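Per-chain numbering from 1; labels A, B, C and D assigned in written order.
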């Protein structure tokens, strides 16, 4: 960490600041330039709060030289993490060199619905089944999901098709009910629900960590660090669009976040074109772009009757349309040497 | 709700859409213009999901005519809500016509610290004591708060000074520990933690609901609606800045949100200048602006030694500086006829 | 246009509002619902200002049913526009079914520099040469470009290589100096320099219209409408990233804008991965994504010595790296059936 | 400027980088830490482009230690700038200690209109008259202003009332027509129209520089630096809201920008509550907040018949409402010791 000292600071002030620093276990190295004095902190400064340093009278600005995340940092763990989801029809591997396609309805609505869609998406080429049992809804009057019944129905669909399942957790108290869930999703609104992240870090379950609507790439990696720091390294990141001034699409997919994450971290990253755009007819081109840019997979909303869906009908594909997307993806995946 | 029908839609399609609408209990009124057909939904359409309607092939766009929130809506509850916080040194009233000043440290650090600050802010004119026991921190390696011990220390400070206390809840499982807390804060990151909101709605505790970093005024009111719809109408809103491209300040205070909320809702609204700006020397001018624009109160970070604060030192005022802010506020409050 | 009438408005007020509307040449159709009255405007309402209507006391909200742009609207011009840039080494066609690669330095610096790069990018597969003669720089102390000399050097490079040239105009007074320029670029900062757009509309020159940093897709199309409404339909749009809270990349590429523009308009759209990311090593993956999502071309910064470039070195590729990008693009273009 | 060197860089690479730096006239000071090497540039580094330095292979990141603006920087010019607008009814002073109220219609529409409004706003307490002659409109089909006739009408109103006038320039070619205009406004869309800024810098006219929709405080000050660096120091800044995700108001007023500008620069700053909110009924509370936060003035849209206004009716006050705003402002100005 580098600290720029305000002009006019006295030697005594600087000394007393450095004393404070050294009490934290770091070393402070003073560099006096002609017009500016700079102090460099030496040691593991990931525990130091920049905003705290800014409260010292002599500090003009603070610059972090090293990233605040460690366990998710590619610098300290250069090899790509591959998350393996066991399955009786063939384990699903997620990470560099592999490509996963998760598909299914926004929310689980009935046994018939989830079984029908599960079979359809499997036939079309999906390797995992998604479906919401607990649904975060802006309105308290909107359908909130089937809860534990929803999970039971997903497990039935899994039993019938062999597809591993991914579903969202919203309440830390429900964690026990996710024992048989293959991949636990943390939604955008919970990306900084730190108590939930800590509990998930203590479990060994694979976690799908979606990016928050207004969160930077660094904050996202720090949330992954919460999970990893507790011992769970089965983490997959999911870019699903950020909130900007543009309202034509539901969110703005930050496509550059994929190469950015690949550079900064060893964790796999997938894309959610359904939530990113909110428009079913944009799912295909955005899916193609996700493969092209280097993503490790997709999570796509598919509904057999979007018109009757209890949520997010506007962004769901019909199974035929989903099959057409997967077909086009295959050629591009071949080009990229993924499978 | 008004639905614009796509050009080229057949009468049959429109009829079948209207049949669907009428099954939900609403009436559909078709208006055929020269170039455009529009369908108006009559009845309580707050239960209808706009995004679902968009998935019908014939729907070009949907416009809500009435707000999706009801219980927090001033249209249906024109009188201002006044939240009363009982206190042995005089009840604190929050809402139109009153002005509350909450002050205290970012986090509770020790008995000596919280007692000292509590006395200082009381002397300076604060009517409530704030202090974090559970702290949401971007980094898992940062100080996470004293937890239940922190609440105990706040209660000691309350006992000694008489100031009612406000502190943040982060985990629904800790709710029992908040029994003696006077005002429970829901932080920006939890504004859409819907399971937490539902539980708080079932309690009768006054709730301070901060606006999320990337949440619209409508979403914020919908989160308040979650609490109110479960039966708890002791809600105070808190504008604390939104995330924008500008990085000079920590967040961008949306000052227009105060008159907007006053117009749309009957709930009280206060301002957090410390988090909005992240800069201690801007707390005074922003506090003055908050009074001038019509806010019902302030929540300000005060620390007796910002330099040694375990979090957010950069935005905390020293007690002398806080006293100076309150002094200047008094004249402006007189001007506004508040007390 | 649909106008929602405020509750409590009298019949007289509504009548007087409709009288006002009919004076503008439109018809007003009143639809009285049970709880809400709605007025539909019939006729060409693209000339009516929504914000003006909002100033009437009885108006609660206004919803546009048809897009405010007409000549750039695909609804009224379903066939794709193909812009042709004549060239002695083979005309360059830009639009659906074709793919253009423009490349060259951020700014023209010297004859040797531009000739060297022109030959390199031609060899690698570029079909047009880009280079800045007039440079918009945030700082008045930064290099502002060679001006007319820069254009002369570009023309020399064109003469030598046959590559048509694209360069930015910043000042309407310089338009005469762009007579031999093949494609005139309007930069992001000038997207709403309406006087410039009007003059370009009167010329017949092909125009490359970049999206503004904070402009919506609709505003962007309205700027194209400025040019088209004056008679010039040789317009190519360029998505180059928008400004958001994320600072890891220079801007946030709005990849969904490409399918959106393809749906809303008949105009060609290309992508600028260099400005969108500001990071040379992200240019390749983003270029691949641009092809995959359906863009009609790319404009890429290439410099033979990025380190000595007078501007934007961080985002410029060396010629070898550019050649590698083009090589990978070729396979993907084949897959997409583009040439 | 401080440069963090990438791990693994060789001594030779660092030496060759420093040689490059020293050729620019700066000194390079190498500080070798235990884990990180940092290079400090000594001298006037405002001419060095950070993005260029980032293109060197050994550079990990760059941090500017001093602001890139000089002439507008309070550090080098601690005294407040007071801009004086001569007037036969008493010079108008703008800057710290004074408070200016500019008012008038969005656009000049007729002689009767502008004379009526000028007299009304003068009577109510305005000290300058605003009115648009050239109007930047998103749509080419919207009213574009009366042009030179509009300026003539403003001059008539000035002659009759004595109020100095402020009006917007959109085209550098029209500058001669602004000879008798007292204060030339640069609109948000032209904040980075650098050629226009340069010409205005050569004139001696007072300039009102509005902040761009998506521009940072630093970029805004750099645009002021463009004007000042050419010799014109009669600059007033105007905060008029930035573009964010919130759409309830037209823009989001960045109220913290006022204390920020006061700290960073010596230039006066005023607030435009009409454009910031786009809602006439929010103009009063936001105006009060502007005074409270320390702004040096306001520019407010007033129309005698907002309903018939040719632009921006929604945000214009009627004269009575404007008079009520000014009345309330007076008490607050007294409190702040302004006149």
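Rule of thumb we're sticking to: a residue touches a chain if its C-beta (ideal position, glycine included) is under 8 Å from a C-beta of that chain, and two chains touch if they have at least 3 such contacts.
Here the structure is a predicted model, which is why all the values come from computation and not from measurement.
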Contact-pair overlap exceeding half with C-D, pair selected from B-D, B-C or A-B: A-B
Furthest chain, CA centroid comparison against chain D: A
Chain A and chain D, separation of their C-alpha mean positions in angstrom: 39
Centre-of-Cα separation between chain C and chain A, whole angstrom: 32
Inter-centroid spacing, chain B versus chain A (mean Cα positions, whole Å): 26
Chain C: positions in contact with at least two other chains: 214, 243-245, 247
Residue ranges of chain D touching chain C (in the complex, touch as defined): 20, 46-47, 49, 51-56, 68, 136-144, 170-173, 189-190, 192-195, 198, 212-214, 219, 222, 225-226, 229-230, 243, 278, 280, 306-307, 309-316
Residue numbers on chain B that touch chain C, as the complex places them: 2, 4, 27, 29, 31, 33-36, 38, 40, 42-43, 60-61, 63, 65-66, 243-245, 247
In the complex with chain A, residue positions of chain C that touch it: 214, 216-218, 242, 244-249, 252-260, 263, 276-277, 281-282, 285-286, 288-294, 331-332, 335
